[in-house]
Amino acid sequence: MARFIIRSLVSTFITLIIVSVALFLLLEVGSGDITVKILGVFSTPEQRASYRNQLGLDDPVYLRYIDWLIGNEWRAERQVGFDLVTAPNPQTGEDTWWADVDGQLIRWSLEEGELMKLVRQEDGSTVASLADAVWTTDEGGQESFWGVDDKNNAVKWVRGEGAEVWVLTKAGLRKEGDGPQDYIPLRKGLIRGDAGKSLQYGRPVSVTLWPRVRNTLVLAGVAFLVVMPLALIFGIIAGINEGKPIDRFISVTSLGATATPEFVTGIFLILIFGIWLQWLPAVAIFTSADAIFENPALLALPVLTLTAVELGYVIRMTRASMVEVMGSPYIRTAILKGMPYWRVVARHAVRNALMAPITIIMLHVNWLIGGVVVVETIFGYPGLGKYIFDAAIFGDVNAVEAAAMLTVIIAVLTRILGDLAYTFLNPRIRYA
Amino acid sequence: MAVAQPTAGAVPSQAPSRWAKMWKSLSIIFESRIATVGMVLVLFWVILGLISLVWTPYPPNASEFTQNLPPNTTNWLGTDHLGRDILSRLMVGTQVILLKTRLPWGGLVFPIGVAIWGVIGSVLVGAFLGLNAGYRGGWWDQVTMQFLDALIAFPVIVLYLVVIAALGQGDLVVILAITVTGAPGVARLVRSLALDIKTRDYIRAAETRGESPWYVMFVEILPNARGPLIVDSMLRVGYAIFAIGTLGFLGIGLPPPDPDWGNMVNEARKNIFSNQWAVVWPSVAIASLVIGLNLFADGLREELTRYQK
Amino acid sequence: MTRTNGKVPGGPVLSVEDLAVAYKIRGGEIEAVQDVTFDIQRGEAHGIVGESGCGKSTVTWAILNFLGANGYVKRGGIKFLGQELVGRSGEELRRLRGDQIAMVYQDPMQALNPSMRLGDQMKEVLTVHRGLSDKEAEKRCISMLERVYMPDAANVMHRFPHQISGGQQQRVVIAMALLNNPALLIMDEPTTALDVTVEAAVLDLIAELRRDFDTGILFISHNLGVVARVCNKVGVMYAGEMVEVATTEDIYKNPQHPYTQGLIRCVPKLGSDKASSMLYPIRGRVPPPNNRPPGCVYGPRCDYFQDRCREERPELRKLPNGVEVRCHFAEKIDPSKWQPSEDILPPKVRQNGDKEEYIIEVKDLKKYYEVQGSSLKDVFGMSEPRYVKAVENATFNVPKGKTLGIVGESGCGKSTLIKTIIGLEDSTSGDAEFLGLDITGDLTTRTEQLIQELQMVFQNPDSTMNPSYTVGQQIGRPMLRFGTVPKGEVRNEVIKLLNLMRLGANYYDRLPRQLSGGEKQRVGIARALASRPDLVLCDEPVSALDVSVQAAVLNLLLEVQAEYGTTMIFIAHDLSVVRFFSDYVAVMYLGQIMEIGPADAIYALPYHPYTEALLSAVPIPDPSAKQKRIRLEGTVPSAISPPQGCRFNTRCPRRQLLPDGGKICETETPPWQEDERGHRIFCHIPRETLLTFEPVIQTKERAV
Amino acid sequence: MLVKDVMTRHPIMVPPEMSAAEAQHIMTENLVRHLPVVGDGKKLVGLVTNQCFAMKPDTMISLSVWEITRYLSNLKVQKIMLSVKEGKVYTINFGKTVEQAARIMTEHKIGCLPVVDDDGVVVGILSEIDLLRSLQEMLGLPTKGVRVTMRMPNKKGQFAALTGALAQNDLGVMGIGSFPTPRQPGYYDIVVKIPEVSIEQVRDILSQVPEQEIVDIHEE
């Protein structure tokens, strides 16, 4: 058993690595110059180049992948020479980067050729003062300094050679002098929960993503709770009545339900309950991300749509498995031992019959996520699916990466759960 | 049993004609009511699509009528929010899915639809990977399955989104997307079949003849996997249509000018309060075609396994 | 307490009368079983023998009314303890099943629920039927397990089926069946899935339990020998009908029905060989249930066929000697005057001269497989690699044109050995030469020439042919591949081979699914011969076939050998078949050849103790034969860590003959004791001592 | 000799819900005179004997011909059987001796005893026939031989003298029985069955035994 679990964990780990590389390459490399998306098509090549430098896009791909995945302050620390730490911004609560110099959190800025030191106070405000002479001289006689700027980059200033950079502000692009020569945009990396800034919203992806994830978990969770018992019961009923009218009815209905695309099911549900019967709001307006908690009725149609599709699928799996088990020699043994029928079904058949569906259902979770995207789009439900979709359409690389990685992780974790459940249910593996 | 000459009449001596053989293998479909219903549904749309190649009631993209008409004598299924005839649009919508593929070069058109090409692609790729993984085992298997696991871990829709985000819209891109998403499933199926078939003695016989692995895989194993593979492909065409519809609904499916069922639903949805018919018809079209294919595949599978028993 | 066959107070336990079972199929129905009649008295074991598809199992399902959705009892009655079973309600039947009627199945692994502990599966028989408490039930189950000689019974209760061996699983199933002291026990091929020594132990157990519990047993088997050992009455079924019912003695000594006579002529007697005796297959094949001939079902295959047999269906009638038989002419048939009909040609057996030219020479061949353990250490590859020692120091030579038979129980390494020779696996160490060419490597290291010379015939007729290609394509493929035949002549050449296999040219375009098992096996042989190999390896080529077909295929192989002078290595688990077919025999146990030599020397004194045990376990289709009873204790040790010294030492019943209780067997590898004929025995016990044993089997004709 | 060795195993049993007519049919068809009635798990609940079918005269008189038919067809086994609950059935445990069983049967003048195990589950039936068969077997009936009855005083060593004489002449015994000589207190008659020997031989040998006399000798 240990072998089986470890195998599954190792395989999962490798899977995640492959997925992350593939995702990163496809999106970062495949989607072309993202500065165009951010700065607009009317930006000049010069502006884009400057901005690329600020985003660290000129680094080699492998370095960018590592930065993205596990962060880069360790790389910056070697340049700056101090520990780099984060501290929350008192206004927004977002993390900001500082250099930890003997217990003092410090940033620097270059103003009119003079290096200023910004020391963070207890309350989060900063006190500026002239920095000590910290310039270092390299072989070429150039005096430079690596520090942390006020935009969370580790940057390299060169004395007397303030570069001209284009800075994106709320008002648009602005040209600034005294800019750094080189940037390392500081980040903690995906595995430490920092997915970078959303290009669409300008805020860290993690901040915008979590409420959406929560909403989707509510949606999928409720659907799951509705689907599972119903599906298993109907599947077992159909399975033990193979070939009889009730089985035909359940089978064909569930086939119809799975084969109908979610958006068709959704539309019909809207037509029936929203427009003809007017029992439920046809178009849900989610005023805020928390709307579902204030008005749970809004959940009804999305849950119903998801349920219809998933129910059919799980019923069919359970039925097929049940039919197979009921035809097996050990069920024959149990019947010929004179066991009452209900006991044969409950004690001998169900456990064996559930082994296969549980793994398959767990594998099916990423299919469910596909359904979630559609359902959330139809109903305008502020969840993870819609987030991915919007981000993909906008080309919000960071957001898509993070959200896609998250769905992959969810899919992979459920698969491990499925494996574990299977291991637990199947004594041949448990006691191998 | 030293006299092996069969008694007369036990086995028909003259071989039946080719047509009779074909009819016999087709008749299995009619043994199952489910498969028959499925086939009728599918054939209905195929025929409608074929007709639309030469004739439609009205030009599908021309806004010639009053907007949002309910079904009536001139427009049997009504009109949409731009005053286009829904029936004509539905008919033409079949083409791209089942009958033709538009190549990006100078309006070239290739026969057979996007859904089917996508499935053919995934079957080719999947069969190749699955056969190698299943038959060769060892490292081939480890690496292939690891790669496929990674691909399967992607939620399908995300994979579509990523592919389309990277490559843009187009018939070929949709085919590619269907191929990429379908191949892992086919590969898994073929692998499991190959694992089973490779234990058979006739594979040992081929190996003791010194046949190359490629010969064993493609000549000895693959033909014996065709039954489940055909059924699976049929289901996959259904899923491909399902996916094309979904992509169309999300507005990232097949590009214009040809009408796309999913997109028709999406557009009509915006006027759902004023015109419910426009949203019902394309929905029904997609659902019926996918369900038809599923019923067909399901019935066929049932009959095939019963035949084996 | 012997009772006559008349009406006995209390009546029979089971009485089946004119039973007909039909299955509904598309557009009609098939009568799988017709007019079957027999009685089982208390404490009597009633066998039913017959080839596959003759309806044996259908009878058992009918008794238990477990015929599936489309089967039903069409006519006749089944009385259990005087009460009609047909037409009883489901609840009444349920109360009988497992309580008064119990069943033992062919494949115990399949019959036990894989995800329930054995104890729970046993206990519920008592808790449901008897309403016993769990604790009480547990106690009873353990004592019943001990009753069937299950080692470590209390512990077995907590295990899952996959954790015990096949023989032990069958013991559990038997114990479970006996828990409620049933009046009738139905056993459907209970030992078919087991190895011969395990089978012998289980059969002993069945006989013992029958005495102790006075249970009526209905024993289904295709194996005449097994039935002879267990049953006192036998019914022979053919094509859904009972053609003969008689006491076991009568069936084997004085068979009345031509089919029974034919069956007995098909089976090689243990100890008979191809030079001195012959097998006579029954011509034709069993008709499928939907295409049975009118009149006598056996008519088309019968040597005594007359017009009356075509027109009138014989009834099962009782002859003056008490035998019931379904034949018009039973009294007039004298089996001793039987002559094989002209179309059954005895195979020519080639007697080679004494010129012993070895075609294959194997010396100290070893095949180890690396295994992966399941502990954490193993997963990370930190532990020592461990090996399954599948074949250890195999040494043998086969002269040109002769046959070497290899026998042994499952897992003894015989299959691995021939896989290594043919090149499906490479060898770990040792030498192997074929006509002077090295064959220690696998197929990729061999030349086309060499590959062509070594071919193989496989066990399972259903998987020996690729279902997607015609017979002609499959036989023709080796010819094309090796270029032995010019392209244009392949068809003719294939047809020639088909004719040699006694198959007509019209088989060329058939697909495998249109062939019967025996025909498929012949095509498999033809395919192996297509490249004109010098050495053909046969992996249990007849073990999956019915006896009548088995005889035909064996004869065919003999004929092939005579025609082409092909050398053969022949694997089988059936000692009679190996003896019949081979010139030389090797006995393997746990990867090691224990005894090797001319066939007659293996089956006569002196024996290796393992050979002796094997021979004493073989079921012999002759109830009058006296067989020494030697049963091996325990199970075969793991091939990963085989016992030190002699691999058989843990189970050897003869060890005690050596000083110190055979201490030497645990420490030292035995020597090869060889005589002038090349008969070698791998044992510490001196040849002289081995010679003093009694022969294992003594029949009136010959002692083995 | 214990009950379990003599009894008939796996007797025909019927459920209490069975109709009396069917039970009677089973009895005649299978030539049995007693039917144990069992509930779940073969637990004994009653016994049907031939007498059970005899209708009480007053019941018979009170019914018309048509009513009798209906009455009989509706009659269930549990209505007519001797019930265990009412204490009307005598049973015996399978581990008891044959003598104990015979004693119960003679004491209560009954023809059969259902044999039960420790849980009251029916494992067999013991009828007069079974006892008589055991008597035959005790005296070695089925085998051919010389049957001799010896009369001897009831003293120690007498039996040893008899067997000693047989043993000296290399004779075996395959059936034996003893009972007090009727009308001659202080003496015992011992019946011995000796196979593979002639009457003369036996007479020669046994007439030599002191204090004993051959009462009867013949070949069977």
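In order of appearance the chains are A, B, C and D, and numbering begins at 1 in each one.
By definition in this document, a residue touches a chain if its C-beta (ideal position, glycine included) is under 8 Å from a C-beta of that chain, and two chains touch if they have at least 3 such contacts.
Keep in mind it's a predicted model, so treat the numbers as computed, not measured.
By the count of C-beta pairs in contact, the leading chain pair is A-B. Of all chains shown, the one whose average CA position lies nearest the global CA mean is C.
Centroid distances from chain B, each centroid being the mean of CA atoms, peak for D.
Chain C and chain D have CA centres that are 46 Å apart. Inter-chain centre distance (chain B to chain D, centres taken as mean C-alpha positions): 80 Å.
Centroids of chain A and chain D (each the mean of its C-alpha atoms) stand 86 Å apart.
Averaged C-alpha coordinates put the centre of chain A at 31 Å from the centre of chain B. The residues of chain A never reach two or more other chains; the list is empty. Shared interface positions of chain C, defined as residues touching 2 or more other chains, are 95, 99, 129.
The multi-chain contact residues of chain D, meaning those touching 2 or more other chains, do not exist; every residue touches at most one other chain.
Chains touching one another, given as pairs, are A-B, A-C, B-C, C-D. Those residues of chain C that touch chain D in the complex are listed here as 1-2, 7-11, 13, 42-43, 81-83, 92, 95, 99-100, 129-132, 180-183, 213-216.
If you check the complex, the residues on chain A that touch chain B are 11, 14-16, 18-19, 22-23, 26-27, 30-31, 252, 255-256, 258-264, 267-268, 270-271, 275, 282, 363, 366-367, 369-370, 373-374, 377-378, 385, 388-389, 392-393, 395, 400, 404, 407-408, 411-412, 415. Chain C contributes residues 26, 281-285, 291, 300, 343-345, 422-424, 443, 446, 448, 451, 454-456, 458-460, 463-469, 474, 477-478, 481-482, 501-504, 506, 509, 514, 518-519, 522, 524, 527-528, 531, 548-549, 552, 555 to its touches with chain B in the complex. Remark: chain C residues 64, 66, 69, 94-99, 102-103, 105, 107, 110-116, 124-125, 128-129, 160, 162-163, 173, 176, 372, 374-376, 378-379 touch chain A in the complex. Residue ranges on chain A touching chain C, taken from their complex, read 1-3, 6-7, 243, 328-330, 332-341, 343, 347-348, 351-352, 355, 425-428, 431-432.
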